[in-house]
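So, here come the structures, one by one.
Below are two complexes that have subunit A in common, paired first with subunit B and then with subunit C.
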Partner chain A sequence: MTKTVTDVICPFCGTLCDDLEVVVSDDGKQLLEVYNACAIGAEKFLHSQAKDRLTRPRMRQEDGSWKEISYDEAIEYTARMLTDAKKPLMYGWSSTNCEAQAIGSEIGELVGAVMDNTATVCHGTSLIAVQDIGIPSCTLGEVKNRADRVVFWGCNPAHAHPRHMSRYSIFPRGFFTGKGHTGRKVIVVDPRPTDTASVADVHLQVEQGRDYELLNAFRVAFKGEQLPDVVAGIPKEKIYEAAETLKSGRFVIIFFGMGVTQSLGKNHNIDEAIAVTRDLNEYTKAAIMPMRGHYNVTGSGQVWGWLFGFPFAVDLSRGFARYNPGETTSNDLLARDEVDAVFVLGSDPGAHFPFNSVKKIYDRPSVAIDPHETPTTEVCKVHVPVAFVGVEVGGCAYRMDNVPIETRKVVEPPEGMMTDEEFLKRVLARVKEIQGV
Partner chain B sequence: MAIRVNLITGRTIQQGVSMEAGKEKPAYTTACGIIELDPADFKKLGAYRNTNVRVTSEYGSVVVKAVEATQGPHPGVAYIPMGPWANMVVNPNTYSTGMPTFKGTPVEVEAAKDEPVLSSLELVRKGCRGELA
Partner chain C sequence: MAEYLIKNGFVFDPVLGIRGDKADVAIKDGKIVETSALSSPKVIDATGKTVMAGGVDIHSHVAGPKVNVGRNFRPEDKLFGYKAKSGIERMQGGFSVPTTIRTGYNYARMGYTTVMEAAMPPLYARHTHEEMRDTPILDQGAYPVFGNNWFVLEYLKNNEIENAAAYIAWLLRATKGYAVKVVNPGGTEAWAWGLNCENVHDPVPYFDITPAQIVKGLIEANEYLGLPHSMHVHANNLGNPGNYTTTLDTFKLSEGIKPKSKFGRDQVMHHTHVQFHSYGGDSWANVESKAKDIMDYVNSHDNITIDMGQVTLDETTTMTADGPFEHHLTELNHLKWANADVELETGSGVVPYVYSPSIKVCAIQWAIGLELALLAKDPMRVFITTDHPNAGPFIRYPRVMKWLMSEEARKQQFDAFKHKDKVIDATNLAGIDRELDLYEIAQMTRAGPAKALGLSHMYGGLAPGLEADVAVYDFNPNEPYAPDDIEKAFLNAEHLFKTGVQVIRDHEIASNGNKRTLWVNAKVDENPQVMRDVKEKFLRYYTVTLNNYEVTGHYLPNPYVIEVDATE
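Right, the complex of A and B next:
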């Protein structure tokens, strides 16, 4: 016999879908089927069952080969590495629960680490912009129930947040949006005619890297002022038309992604996008929301927000929290050789940092905590496999709209495997022992 | 003939699925060890679809397979899904924001049909040990 677990939370992207159904074996040890998830989410659940999954920590040997070690040895190496370092970098924190993030922060405080999360290569620039000028935002529930004008600027949810459009933004019928997608006007701004653009009413194929100019042109168009004939590759008539479409809506939501946060202009692009939202509120109700990537990157910003007052790039090396993006951010620290050990949990900088930063991780004492084998584990000295959060252990995660959702355990982890939380608690205890506190 | 294009990176659903299935697996290389080029740029390059090409920027160089753009047309713009291949060539400068410039790196693309596309683990391993061509 099998059991079906309902209302399962998907631990892949910031959409944090909460309607999955997972079929498990009667003894709860095997995960058999996943329903309602997108292709990526389903793969995440199913990969936990992989036959070739690593279940014990391993340490890199002189000759480049791996040697299996015990969890005790991995804890000892990690605690020693962190206490010996002058300024360790503790990076990642986005694919784990808030409970583990809190324990990791305590370790970071004791060892004087720089704590940084994946926002640093994702929506870090959005966070800078929010600190610059604030953010008029809302929840995804409000989007579903109220939004009749939806903008996707520099984001491609068809690929990156596959169920976002059907659950919240384009297709669902809500309280005031009974007609579903026929009652909504969708505008996509992207240098490519993406799969998201193919379901939109309007696609503005902006010249890559010219988002600031186009956002600024929208602000001009709202006021009915004169525009040059073409801005950022878009004829002015199209800009005026799109501006009118937005102004005539009852509720406008602007979603934005890496197209604006990673292109030149960076936080200033977001400043301008938020200013567009603010201007729109002169005519109708408008809100803006970053399309957060990892399922709990928002949570790590929340945890550090309440612990330290800053959402990413928190430097604790002086005994108090400092924050200065460009100085205390992972890639800058690595590029300038300002950290002497690297601890990674719940992220894969080996795959997602520019290569010069990856090389710097390889050159240092380093530990990677990750259920998967990844380019990061390939360049680190010690790899500690752990249970999948949201699959084999529960815990709190924050959706992209800052709504906390408790993830669920649906299946047992392989025998003897630690969770992030258990591992970090043991490291914390050992760090305290070494420091005599 | 080598062509110059503007490189952007980002997620694709194939990248997401193969990443969750294991970055050490060949499917991840198939999904991310590619560069999506516009048909117009293919014509200028003078290469067949699915030929290996060398992509070079001011910051590095990598061999990937050239495929036709799946979300085009976008002449002059090339796309490598986010991952270690793209990160060999992207502009790492953060300009004091913490964010490397993952989108908008000028690159040169030339046919390299005899050079192999390395797997993700091999690529970072060889890169770190200084064993890349």
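Right, the complex of A and C next:
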């Protein structure tokens, strides 16, 4: 006999779907099938069952080979590395639960680490813009129940957040949106003809790197002022028309992604996008939301918010929290050789950081905590495989609209495997022992 | 547990009716006991010092999503004031929106031991509890917001009090909430379309119900359940010149309703931060105090309690579930604006604000708050708050006490205003010479709020049997003092006990205490219609499933459940 677990939360992207059904074996040890998930989400559940999965920590040897070590040895190495370092970097935190993030923060406080999450190469620029100008936003249910104008700017949910459009933004029938997608006008702004653009009513194919100009042109158009004939590759008639579409809506939502946050202009693009949203509130109701990537990158910003007051790039090395993106952000620290040890949990900088930064990780004492073998584990001195959060252990995660949802444990981890939280608790205890506090 | 005897202090306790007489306070097993019950206590010499019960804050925004928006979007709030970790104290930052760690420690330093989070969006209850869990020392509870909730709007439109009550009971259990909070009834739902409800008869778009119906219905549902606290309201039309009529209209909705609660409170409506709701005039040019009209009503109706919402003349961060108000505010001061509308339930906004003594309106607001407390006939029904952080950070409570206790301190502040004469013309404060004493302060900060919360069996006094929450201040009320001595002493308790644990010793944090989270479990008769409605709404309109909604388990590591039986 098999068992079906319902209302399962998908620990992949910031959409944080919570309606999955997972079929497990009677003894709860094997995960057999996944329903309702997108292809990526289903794979996240299924590959936890891989037969060749690593289940014990391992340490890099002089000759470059790996040697299996015990969890105790891994805890000792990690605690020693963090306490010996003058300024360790503790990076990642986006694919784990808030409970682990909170314990990691306590360790960071004791050892004087720099705490940074994946926002540093993703929506960190959005967080900076919010500090400049604020952010009128809403929950995804407001979008589902009210929005009749939907903008995707520099993002491609068809691939990156596959169920976003059907659960929240384009297709669902909500309370005031009984017609579903036929009652909504969808505008996609993207230099590429993406799959998301193909379902849009309007695709504004902006010139690459010209988002700021186009956003600014919208603000001009709202006021009915004069535009040049072409802005950012878009004829002014199309801009006026799109601006009118937005102004005439009952509820406008703008979703934006890395196309605007990490292209030319960075946080200034987001400043302007938020200003567009503020302006629209003079005419109708409008909200804006970053399409957060990892399923709990939002949560790490929340945990650090209430513990330290800053959402990323938090430097604890002086005994109190400092925040200065550009100085206290991971890549800047690595580039300037300002950190002398690297701890990675719940992220893969090896795949996403510039190669120069990855080399710096390779040159230092380093630990990667990750259920998978990744480019990061390949450059670290110690790799600690752990249970999958949201599959083999529960815990809190925050959706892209900051709604916290408790993820579920659906299947037992392999015998004797630790969770992020258990591992960090042991490291914390060992750090306290070493420091005598 | 250790026994303590706090000897020879000047005790101010409205519960026992002690007005500064010398008395001893005995602590055993976490409770106040008779001194004869102690065997070998640790003696704290409180000679020449002031002894009171731990403070109780009935309304403060200290945990949850909008508080964290305030923290994360205001790095400037952490400038200059960050405190490094030291001993058992973790690092602490932030002024108007402090980190959770600082929130716990700073309340403790002021001698406060119980703090109620004033607005919890139900969908974000988990977040609110996570923050409360990480706030040391304090006993806390949180009020879920109901005034713009679709279930409530639909039930009350048809005057279905019993169904509204069953839904309230369900939501309190699901969110582990403490009381029924109402913020800009109907107005925040209207704000989801960019609109507002500007008075109690302004109908809510689509739902076709008025704020008056919502408030009255929620009072009735609250009394149907017999909850510990009354309905707790922030009325429509906050912060606008001439709004005092809306406030009086809201007060009047409680007329003729008597409390039906076994928890000992006398009110059926608590109206919060009334300072923001006591404005006359019809523009910012002629705005004036209507505190007299407001207090005439409050003084003559004993089924109402209020708190001040005192402006402290600081740079602060405003945050409220009153979404349209925050939009109005950002248009006024052009500072950054965050907004977060919450599906089916509520909304909120956050905007920084500078209450400058050089701005006439800010000074008028300052005067109005103090007038409310100084015109109060019954200090057991008028409480000190700053609506933290909206009118000012809670760390200014001792300064508010100073203003209330000293006419000289008020005069000094008047002299510091740029538009002193205009402020005096628009307010009554300069003509009020009342100076509150410490007994009245204890009523406004301890016994009064504890009673209004339905928690007088636990907090607010020093009678045997109550929780051993006791503060000792280095302040001798019988010696001459300067006004600033009051602020200094009450900002920095010499000793503090929380349920019998000494959390401050000689002005230093000595323990992180044994923090509890209070919530109300109201039992009602089975109500299939409400449960069907809940299932239906989750299926069709929410974006989380019903089974993922309830807050349970480790979010409340140390819960304290107050049981209410409303079954028939």
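Just so it is clear, the second predicted complex is superposed on the first by the 437 of 437 C-alpha atoms of A that agree within 3 Å, B and C clash if a C-alpha of one lies under 4 Å from a C-alpha of the other, contacts with A are read in each partner's own complex, and residues count from 1 in each chain.
FYI, a residue touches a chain if its C-beta (ideal position, glycine included) is under 8 Å from a C-beta of that chain, and two chains touch if they have at least 3 such contacts.
Only a predicted model underlies this, so the values are computations on that prediction, with no experimental measurement involved.
In the three-chain model built by superposing on subunit A, subunit B and subunit C fit together without any clash. Once the two complexes are overlaid on the shared chain, A:Glu373 sits against subunit B while remaining clear of subunit C. Of the two partner chains placed around the shared chain by superposition, neither subunit B nor subunit C is touched by A:Glu241. In the superposition on chain A, A:Gln131 makes contact with subunit C only, while subunit B stays out of contact range. When the shared chain is aligned, subunit B comes close enough to touch A:Ala160, but subunit C does not. Legend: residue contacts after superposition of the two complexes on their common chain; A:Glu43 is shown touching subunit B, with no touch to subunit C.
Subunit B and subunit C, viewed from the C-alpha centre of subunit A in the overlaid structures, lie at an angle of 160 degrees when rounded to the nearest 10.
Of the two partner chains placed by the overlay, only subunit C lies in contact with A:Gly319; subunit B stays clear of it. With the two structures overlaid on their shared chain A, subunit B and subunit C come no closer than 15 Å at the level of C-alpha atoms. No residue of subunit A lies in contact with both subunit B in one complex and subunit C in the other. Those residues of subunit B lying in contact with subunit A across their complex are 6, 8, 10-13, 15-17, 19-24, 59-60, 69, 71-74, 77, 79, 82-84, 87-88, 90-92, 94-104, 120-121, 123-125, 127-128. Across the complex, subunit A meets subunit B through its residues 12, 38-40, 43-44, 47, 50, 120-121, 124-125, 128, 156, 158-160, 162, 191-195, 197, 205, 208-209, 258-259, 261-264, 266-267, 293, 312-313, 325-332, 335, 348, 350-359, 362-363, 372-375, 378-379.
In the complex of the two chains, the subunit A residues touching subunit C come out as 6-7, 9, 18-19, 98-99, 102, 106, 109, 127, 130-142, 144-146, 167-168, 174-176, 250-251, 278, 281, 284-285, 287, 301-303, 305-311, 316, 318-323, 396, 398, 402-406. Only residues 63, 65, 67-68, 71-75, 77-78, 82-85, 90-91, 93-94, 97, 99-101, 123-124, 126-127, 130-131, 134, 191-194, 206, 327, 330, 335-344, 347, 350-351, 540-545, 547-548, 552, 554-555 of subunit C touch subunit A when the two sit together in their complex.
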